[in-house]
Structures are given as structure tokens and as C-alpha cells.
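Order of writing sets the labels: A, B and C. Residues in every chain begin at 1.
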Amino acid sequence: MSDIDIELISVRKTYGNALVVGDISLSIPKGEFVSLLGPSGCGKTTTLNMIAGFQQPTGGEIRIRGRNQAGVPPEKRNIGLVFQNYALFPHMTVAENVAFGLRMKGAPRAEIDQTVNTALKSVHLEGFEAHYPKELSGGQQQRTALARAIAPRPSVLLLDEPLSNLDLKLREAMRVELKEIQQQLAMTFVYVTHDQEEAMAMSDRVVVMSGGVIAQEDKPENIYNAPRTSFVADFIGKSNILPVSAVRATGDQREITINHSNISLAVGSDQAGPPAARFCCIRPEDVRIIGGEAFAEGANVLDGTISKIVNLGAHLDLWVTVDRDITIKALVRSSRSDQLKTGNHVSISIAPAAIRLLHE
Amino acid sequence: MNRLLSGLFWISLCLILAFITLPLLVVVAASLSPSSMVTFSPADWTMKWYAALWASKWLDPFILSVKIAVIVSLVSGVLGALGAYAVAYEKCPGSEAIMAFLLSPLAVPQIVKGVAIVLFLSSAGLYTLLGTPGLIAGHIVLTLPFAARMIATSIYNFDKNLDRAAQILGASKWQRVRHILLPLIKPGLFSGMTFAFIISFNNIPLSVFLVRPGQTTLPITVINYMEYSLDPVLAAVNVASLIFILTTIFLFEKLGGFSAQIHGGSK
Amino acid sequence: MTIVATDSPAAPALRRFALRGYVPLFPPFAVLLLFFAVPIGMMIGISFQDPKTAQFSLGSYQRFLTDGLIIAGLFRTILMSGLVAICVTVMAYPVAYFLARSTSRWRAIVFALAIAPELAGVVLRTYGWLIILEDRGFVNDALIWLGLVSSPLPLAKNLFGVVVGLTHVVLPFGILALLTSIQGIDPNIEKAAQILGASRLSVIRHILLPLSIPGTVSSLLISFTMAASAYATPALLGGARFKVLATMISEQIMFYINWPMAAVMAIVLLVLMLAITFAGGRVETRLHKKLNV
């Protein structure tokens, strides 16, 4: 309670009959980097706009630092916002853009100059004070937008896909910088993205959204290693998701049968998988291709045919058909490309611990 | 403060919209009122002023106006299409200067164009052209730039790859113009012609110099009458011609489908 | 093209092709030459003739500059057009802003209301204003009936009536000019200012107004030029006492049958329009550069 910066309590948003955000509850502690991650149209921007105050929730409550925000206009919320298209003021220089927030608060001249300098320094834009936005590169505009948002020292910074207009190299560099700035300022960041790598790389916590609701909310490593639904498993990283027809427990051991096939797989006992599991998830990098040598102890072994090979550079994406309709994807190092050809018969092994049971 | 401001905004928006609609509503009410006292109570309304329109005093100018507007619309459609074709499709050298010349009448106030044409016809001894021929010529000068600009815009928006696709399939130039270009720029052509029709039908500043007794367009007949009296029959004439214009637009729309242009019909 | 055209055998063919491209231009050019360019040229010629003898004379220009009534008419035209330009732009702004930003279903209705009167033609609207504003009209009847005034207020047949009527005629064009400009301003820019703490008023002052200056200027320009060259509205709503250049021109043609004087007045009006359009265009490009938009 003490250090919760933002709290969403059963927040909903509908447009006519269309449910855009349904029942989101979330609390974000001070100084945390939280990502809202989800496919296009799942309601991320809408959620952000409701926190900022540009849209009013149809139901539920939004609290910032413990205060209900109903009826509080955006300009009174003391929040920073970085837009996807930056929304820099075209008729103002970089320095004027960054100074705008403080000017609106009526800060004294000297303080404004001081803060503008610090903000520009922290985004490495010294020397660009007198430039107009259109004279800047995309990356520089991005930094200006960031400096403008942090200059008034908001308690919370909202970022709506701020890196999506940058090229890959710059995007990766900015991830590191953004994280550094966040830690330096000890500011709460709510970061909207549909890029899972971005979310994984920066966040303390990832909130995966789907169709307007939260699908899973956890630390990045848990989201990846222990997805709770097939949607999360599929959306985060690559995965084999197979339908499960039956789960049998024999003593300590669990065994599952894959739907429409004779395949049975042993599942790790440590995993308190739901008895009524309907899917299982296997990460491609957990699927080993074995060429004659001894099997790992206790692993599930399946025979199959390589039906497709996709070269990804460092790795090969291997599609192995193990039963009529069942194809399991495996990720192997490209150095093995000589031995692996389409049509080859191979055996694959999957450790029981690598199989996760999912109930939806 | 914010609430006050947005309150002011909505109030001013409503007042401005009321300002825009007020004269139209008043004219409609006047055309239905039994006397020159305008009444807004539907119980008292009468159609007698509309019945009075069925007289040659109003019908003759109406028919002349329609005749002129139809001819003007067709001719400026054809001339505009020819000009736009040369400029936007053939892109002949100097096309910018040519377009500037085609659009130049727009820079000259209508009343000045009117004076120029009437002085030209009078001093060149072409008095006989005053009336219908002069009106048609004057209106074409007025509407041709609009038509040329609208058609040129739709040719510019025309995807040149469609033309190339037809060419590689063996279509000759004429076949491509006939089967690819024309159907795709039809909305632009029709909106240009509709525009020409409306401008011609409603025109005053040019027509006022070019009419002659017995060959007077409807708007000029109305304003001449208005100088003496504000008879409600005038309201009926005005409402009737507005209805006529709206019907015409509707018909042109059915024929040419220019609203499809807004929805990307020419793409 | 230029390389081939030097003296290769292909050159004549090319020239023939190039000429063929111009053929469709003949009909529209002929019409514009005969009924636009030549008449304008003749009008300029006639302006230098003596009204009686048709000899060369600068008399009409001299008279334009010295006749107090004519000069008064010129200034009346400028005053009237300036007032209309201001009224139109001030009234068009809220409507254009609403049309640019609203997503509600009212938007289509407001758009139709704002633009549709343009189809009705000037006569209908002027007639409407006449029955609203004249001495025994709508407004005066109501005021007298309410006992607010004892004798009718002079609302028509003067500057007031003409400015009201012309504002109504020109308003849709002002709305369109401002709409284009405001639509070009990213709504996120307004949101960005708001989240940085700017009140509605500050957003308007620091963001909206500066960024829509080009639209405002083009609305002022188009309103001024349309008002200055309007004929029917001043003729009907201004009456015999309120004369502007456009109505004085028709008077010269139809009552005084003084062609040179009419030509001179038309040329003055034309030059006024061209000068304002040119200067306005310069200001607009300058603003675009300055505002970096």
C-alpha cells in the first residue's frame, strides 16, 4: 500500500458494445519497470490512455499514489508520456520542447534552463538545443521526446511503443539506455510494446495482455519458462503446443497422451501440472536431435522424419514429423546442417522437465 | 476554467450552426406561409406559392437555366478532360504552364470576367451573341478550370502500373484510354461536371451582364424581382430550385458514383 | 530524350509524337483564348479610351483616383471584405476544430450543415437574410413585438446586412481552409502538451493557434477575396446606398453605359485581388518555413 504508484482496480472500457479492455487489475510499485505486452489491438494503448486520463474507464477505478483519478484531467496527473510518433511540437526548438512542461508549471527561468540541460544530457543530446524537430534524425527525435517527458520529473512515465519507429540496431541500443535512465531516476515506467524481446530485456515485470484482459503477469524469466496459458506460451518465444487427450498419474510419475496419436510422453514430477491439462508446451530449444548415441536417462524419445529445414543463420529450425499430423519443431545449431537433410529419419528426445502442462 | 472553456466552445458551435441554418429554414417557412408574414406553425402552411410557380414567368427562365447548365456541364466536361489528359496523362512538355493557363480564369473575379466578355461582345459587334450563346460561353470559361482540375487530380491519382499492365497484355493506346483510364477517372469526370452544372445554374455575377430580355436565367429573374418585392413566391422559387439541384446531384451521383472517389474508388 | 533528339533518324518521329500530345489542348485553349484572354485584353484596351470619342485617354483612371464617391466605394469594399474575413475566420475556427477532431456521429451532420448551404446558391441565402433583417422583417418584428425597440433597427441595406450575408456565403470556404490546416496537426501533439501540464487554454495558446496560423491566413485570404469580388449579396442586401466596387461596375455598364470607367474599376478590382493573393501566398510560405510545418 505504501509504495504503490499506480493501481488499476477492475478497469473496463467499452465502445458501444465492443469490449476493448475488460476487467484489468494491476498494481505497480514505485520504481518498477512494467511492460504491457500483447498483440495489436489487445487494448494496450487504451489502457495507457486511461492511466494518462485521455480516456475515461467505463468501469473500475484508477489510482495514482493512492488517489482515485476519476475526473482528474491529464494535465493534473503529474505523469509523463512518450508517444510512438513522438508528437514533438514542430514550432519549438529542442530546448523549448523540453522546457514546455516546466513552463506550464510556472517554474523560474533559471530552474528551467538547468533542468533542460540535465534532461538533454541524460539522453545525450547536448548541442541540439536550438534545432527544430524536423532537423533531427528519428533517433534524436525519440531522445527529445524522452527528455521532454522526464524534464518535469513526473512520478510515472508511460511509454507507448516508443522504439517501434527506429531501426533494429538503434532499438537495441536504446533498450539499454532506457533501462539505465529508468534506474538512475528511480522512476516508475509503464512500457507498452508488442515486441517480446524488448519487454524481456528491460522489464522488472511483464504483463501479457490478450483481448483486453491480462493473460499472465510475472517476472520475464517466469513468463518464458512457466507460461500459464497456450496463448502466452505461443506469444512469448517459439513453442510447440500440442493438444493433450489424457493425463495419467502412476505413483510419482505422470504421463500424457497427445490427441489423435499414439504418442505418450512422461512429464516431470516436480511440475504440479493441472490434472485436466488440455495442452502441453515444449520449447524448440529443449528438443534434442539424437544421431545414434546414447539417450539421456529418462528422456522421452520419438522417431520421426525431417519435413522442413529453415536456416536462421546461427540456428536451424527443424520440423520433425513424428506422427501423421504431429510436427515438432526443434532448434539446433547450424554446425550440424551437414548431417541433417529433409527426409532423414531422426530420433528426438525431450526431457520430462521441459514439458509444461497448460489448461487453456 | 477548463469546463468554462469547453462550455463556451459548445455554445459557440451551436450558435454558429444556427447562424448557418437560420436563413435556409426561414426561406422554407416563408415559402409555405400564407402571407408575407413568415409563420412557423405547420397548421397554417399552404402550397399556394408553389402552385404559382407553374407559370411561364418562372418556367421559361428555369428551362433556359437548365438548358444552359446541361450544355455547360457537358462541354466543360469534354474540354476539361481533353486538357487534363494532355497535362496529366501525356505529361507533354510545359504541362505546368499549360495547367496554369487552364486554371487562370480562377484568379479573375467573376464580375471582371463578366465585364470583359460583355465589352468584348459589344465592341466586336457581336451583340447578337448576348443571351443564350454568350451565357454558355461565359459559364464555360467559369467552370472549365474546376472541371480540368478535378479530372487532372483523378488522372494523377490513377495508378500508372494499371496502364502498364494493360499495355503488356497488348492493349493499344486508344484501348487503354477507353477501357482502363476512362472507367477509373469517371468519378472525377462526373464530380467536375456536377460542379459545373451547379455553378452555371446558380450563377449571378456573370449572367447579370450576359442576359437579354426574353433570355434571362432563373437567378437573374429572381434578383430582378427581388429589387421590387419580397413576395413569398420568391421563397418558393428558391426552395424549388434547391430541390432541383439536390435531385440533380443525386442523379449525377447515381450515374457517376463520385462519392466512391472518397472511398478510394479510383484506386 | 535529348540525346536521341540531336540528329538521329528518330528525331522527326519524336517531334511528330510530341506535337500530337498537344492536339487535345486545342479546343480548351481556343475557348479560353476567345472568351477569356482576348476579352480581358480588350477590356484593358477599352480602359484607356475616352468614353465619348474612343480616343486614347487616361481620363477614366484620373477620374477613378479623384472622384470622392468612387474612392469611398473602394474603401467601403476593403472595409467590408476585411470585416467579412475576420467574422468568417473567427466563426469557422470552432467548427473546423470540431470537424477535425470529433469522431462522434454528429461529425457527419455538422459537416453536412456547414457545407450544404453552398449548394443553395447565393440568391436563396440572400433572400433569407433579407426577410430576416429588413425593416418589416423577422428580427425587427420580434423586437418590436417584445417591446425592446419602438422603431425598426436598420439591419439591412447597410454595411451590417452585407457583412452578415457575405459571412454566411463565405463561411463554408473558411471552414474548409481551417479544417485542412487543423487536420494536419497531430492530435498527439495536443495530448503531449496536456500531459506536460498545459491547461486547455494553454494548449490553445501555445500549440493550436501557432500551428494553425497558415490555415488562419488562408481563411482570411479566401474570405477577403471572395467578399471583395462578390456581386449579388452587396447588390441585394446593401441597397442603393451601400455601393462597393462590384456593384459600381455593373452600374457603369447598365446605367451610365460608361465602358471605359467600368473597365478601369474592373481592372482595379482585379489588381487588388491579384496583389492580395500574391502577398498572402508569400506570407503563407514564410509562415510554413517559420513554423517548420
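What we mean here is this: contacts are C-beta pairs under 8 Å (C-beta built on N, C-alpha and C of every residue); 3 or more make two chains touch, one makes a residue touch a chain.
Nothing here was measured: the structure is a model prediction, and the numbers come from that model.
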Original post:
To get from subunit A to subunit B along touching chains, fewest steps?
Top reply: 2
Original post:
Counting C-beta pairs in contact, does B-C beat A-C or the other way around?
Top reply: B-C
Subject >> Distance from subunit C to subunit A - Cα centre to Cα centre, in angstrom >> reply: 55
Subject >> For subunit B paired with subunit C, centre-to-centre distance based on mean C-alpha positions, whole Å >> reply: 17
Original post:
What parts of subunit B, by residue number, touch at least two of the other chains?
Top reply: 2
Subject >> Residues within subunit C bordering two or more other chains >> reply: 199
**OP:** Send over the residues of subunit A in touch with two or more other chains.
**Re:** 73
Original post:
Across the complex, what residues on subunit C touch subunit B?
Top reply: 18, 21-25, 27-29, 31-32, 34-36, 38-40, 42-43, 46, 91, 94-95, 98, 110, 113-114, 117, 119-125, 127-132, 134, 138, 168, 171, 199-201, 225, 228-232, 235-236, 246, 249-250, 253, 259, 262-263, 266-267, 269-270, 273-274, 277
Subject >> Touching residues (chain side subunit C, partner subunit A) in the complex >> reply: 186, 188-189, 191-199, 202, 206-207, 210-211, 290-293
Original post:
Which residues, counting only subunit B, touch subunit C once they are in their complex?
Top reply: 1-2, 5-6, 9, 12-13, 16-17, 19-24, 26-27, 30, 38, 78-80, 82-83, 85-86, 90, 92-93, 98, 101-102, 104-105, 107-113, 115-120, 122-124, 137-138, 140-141, 144, 148, 198, 201-202, 204-205, 208-209, 219, 222-223, 226-227, 230, 234-235, 238-239, 241-242, 245-246, 249
**OP:** Over in the complex, which subunit A residues touch subunit C? Could you list them?
**Re:** 52-54, 73-81, 83, 85, 87-91, 100-101, 104-105, 132-134, 148-149, 152
